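Right, I'll just put the structure down here and ask away after.
Naming follows writing order (A, B and C), and every chain is counted from residue 1.
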């Protein structure tokens, strides 16, 4: 009973409280009826239905949110613990008074709360120098020390003449496959391989464009096979095959003619004949041999192309040959 | 041998793919002039680097757990909300999974390469599915019991041959899970919040008799494997008599069982034999049998033996037994795991037995070591140990040592689930607030609350007690806010306690930290009053006023110079004096009269007097005060005298 | 802490009288200490319970006025320290008391368990209610006692805990967990390792254990670890050929040297051979087709040409016949 009395009293005291209990509604409707009879006037006809008192939905009193935790963060806290990974900027977690954005006249830039600009840009709060330090320290255990006796590039080349280049690609796609990743390239300086004259010539012909004359590097790039490993094996195979093949002498190689020659050799060319003819002009008997220096200068001039030095040398040699001063 | 030098080349355009690493490797030439030793590449698993990086990240005390959304509006601040939010997330995941399963045709595309099994709809087996032995094998591997059983039956109806090894495998699967589907591996939150309910059910026999496991057993030839599988399963689900019968059967048939089967029998030996003596004898007998078969015992044996011993009632026998077993196993080289220590603690530190400081020795033994989980009972160690520190030994240094151990390396994984974690911290807090100085305790409090642990109402009471003992009144407003946030304010006892503390201990205004406390106390009292007064009337569990409570509130309001509010409350009390049990103290009324004097409302003062007289309190003092304080007109004076003389 | 200890010592030294009483107490406690040590040694092995140095001990100890002296002395010392700008009085008092009583209780091995000031005083006040000056501390203590009494009365179910919680149990002696010689059952020599009979069971158990310690990820890296294990994230270092098992085991020769498939059925000369060699060259340069598909492609041609054999023969003969005429033309 006391509960009901308390109930009623409270409700009478607070007329704003909507009444949801059936009993109370009953009482209130009675009160209304009584009122209408008291008035002694025409009862008003309501064609439109009276607005039914909407049942008060339970108002869930939401708790006040806690203050942003930047207020309780100690100044000497460990920042890498707070922001370990890449994350969108959040103003309640970053204790810095940042401002960014378009400023209207005489207004400060917008603060960090509700600031889309700050959220859009990528932040590097997870990569502060102490964090990087720590992560590097943690990763050191996966690293091995650099081997001794391999400090300079020359040493590398001396001990490890073959260079293999493989690549992996990172991209933002659901599929990890990347066709570019299958390419393997093999580089080697030909000075590391033993050739004789014939094999070198043959090898260079076999290899063709892949040889770079300027720095004596042979590059074999393979991409015929789907996987890296297959391409790597193939490149190795190619190198081996070409090398050994260059030592093989085929029958038809004997048909190498002057037009096939890759270098100019004084011995086999017309120049020799002409020069000897000039030297021995009019004389019979002893055939003077051409000065080897002259031969060489002609060879270099034609093989290497014309440049100051070669021309000068040729000039001198010719003068010497012809006995001019 | 090749030397690897990794160099990264980043492409400037973000759209195109990044050339992540160009691996340049060189072949060694055939001449090895100087000796060059190239160290082997350190093999690392796919997650090794991530684990190394994860180890650099410590705990941020101000942040909620990572799984919660880090926004002031969305951080859970009470135990209920923590659970609700985490389970809400999990239920979202479940809903997504449900949608995926129900709309399979929409999710059949898999553009990911390598394909992600987790995103594809699950295999559904119907009557027409093509099944083979391989499917059954895969299902067993993934622990899909219902599917595996279905496929098995399907294969039987279709007449496909199933070889014995596969049947054996299926038998083991069914035995392990008692032919019921466990919670899926991916629902971590659900497991985390399981609240130990599973453990409580375990003790009753739940083995399904005559079910698929036994059918399979009958179909298979009676080998050691099938026997051991069935025995292990029955023991796990407490079908003890039949397990024991099977065990005897296997001995008669000269079938060799292995260590783990013996372990499972040892685990349930407390059900086989009744008295402590017999249990010990049985235990030793089983161990002897193992020795005869030359079976090497393992950590499971040790834990099972210790569990049996812990069920022995007589404390001397169980203590000696435990030590014997421990020494024996140590001699063979089996180190006790945390689970064994847990049992040891159970044995030595019983509530009704004499106290024992074995925990000190244990901690000395394992200090600073990192543990891996070896036995399912390992997870109870920290909880049990902390409970013993609190209830049995009351030693906070030990508790601190234990806490340190918990935080070394990856030992925190062994805390078990959320229930065990909260119990652990509950004991820790309970111990600390009684034995440690309040300042250091508050440091720990600030560190752990509210993100790692939220105190239960019981612990809150203890903290309030400690605060009272130490007279640290300045903490009361803070604790009150915490209590409101943690939703403790529905507890009548807590509210009463807070009011009592505030009322009985007047803040010393000369102390700096007590400045402004009166006002804060008044605010709190006001809060309480409105909270109770404005409660939803239909609510079932609601707090109701008592006279004492109202008295406290009034007194606090007066001290905080909120005289008008105090008068309101008094009026409320007066109006409802028939429905409110108890009355405020006399001192309260005196204070109230002082307030009335300040407010210059003699009528209220007189109603005060009336109230006190009606409730058989000593009104003379009040009357004197009123007369002195006010210049009363005749009516009032007459009334006062009337009331006083009425007595 | 260092500061407080330093000032504590200073305080102690400043009070000669106090120190003498402390010394007395200490001397007394040393005897008790020795007694207890003997007890400990004699009884450790059997792990019988050593008599607790509890309240009883205090009763046997020095008469009350000595303890009263100590209390006053401690308060004075604490006051002095506070005047000199040291730490709080209560803290100092607590420390002093714990230091004193630590000697009485320690077994010498472990650290002395710390006790609450209020508990101590309650213990000491067993005999007589010594009249102390109304100090700030005393008032609180008295209030606490009243409060605690009330609390005990109003909540009887907590009574046991209250009574117990008042002081830390002093050490009942260490337990040598591995001291016994054991059951003498297992010897290393005779044991043999038998493999487990139920491998699936073991696998399931391991999985269960692993799940038991898997907690919700606590930071970004742990989440990534979880996802990598579930297969949702690529494995680092990124390998563009991750999990591409079908091609991993195929040798390059099967992609490049496709002439081997021509053996046996393809003629060594002629347009068919020509064509097939072109097919082989083309296929060998194609990295997007698997080796098996290439082989199938070539063998399809075998079937195809087999079917069209007659037509081919006719055509080839015609061509070879017509060729000289063309040349002539």
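As a working rule, a residue touches a chain if its C-beta (ideal position, glycine included) is under 8 Å from a C-beta of that chain, and two chains touch if they have at least 3 such contacts.
Because the structure is a prediction, the values reported are computed rather than measured.
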Contact-richer chain pair [A-C vs A-B]: A-B
Chain closest to the middle [Cα centroid of all protein chains]: C
Chain centre separation (subunit B, subunit C; CA means) in Å: 17
Whole-Å separation of chain centres (CA-atom averages), subunit A against subunit C: 38
Subunit A-subunit B separation of Cα centroids, rounded to whole Å: 46
Junction residues of subunit B, two or more chains touched: 20-21, 49, 53, 57, 59, 114
Shared-contact residues (touching 2 or more other chains) in subunit A: 84, 168-170, 176-178
For subunit C, residues that touch 2 or more chains besides their own: 219-221, 224, 237-238, 242, 244
Touching residues on subunit C, where the partner in the complex is subunit A: 219-221, 224, 234, 237-242, 244, 247-248, 250-252, 255-256, 284-288, 290
In the complex with subunit B, residue positions of subunit C that touch it: 47, 49, 52, 90-91, 94, 110-111, 113-114, 116, 118, 140, 143-144, 147, 151, 161, 164-165, 167-169, 171-188, 190-202, 204-205, 207-225, 228-232, 235-238, 242-244
Of subunit A, residues touching subunit B in the complex: 2-3, 5-7, 9-10, 20-21, 58, 63, 65-69, 72-73, 77-78, 80-82, 84, 90, 92-93, 131, 134-135, 137-139, 141-145, 147-150, 156, 158-171, 174-178, 180, 192
Complex interface listing, subunit B residues touching subunit A: 2-3, 16-29, 32-42, 44, 48-49, 52-53, 55-60, 62-63, 70-73, 75, 77, 111-114, 484-485, 536-538, 575-576, 578-579
Subunit C contact footprint on subunit A (complex, rising order): 84-87, 168-170, 176-179, 181-182, 223-231, 233-234, 237
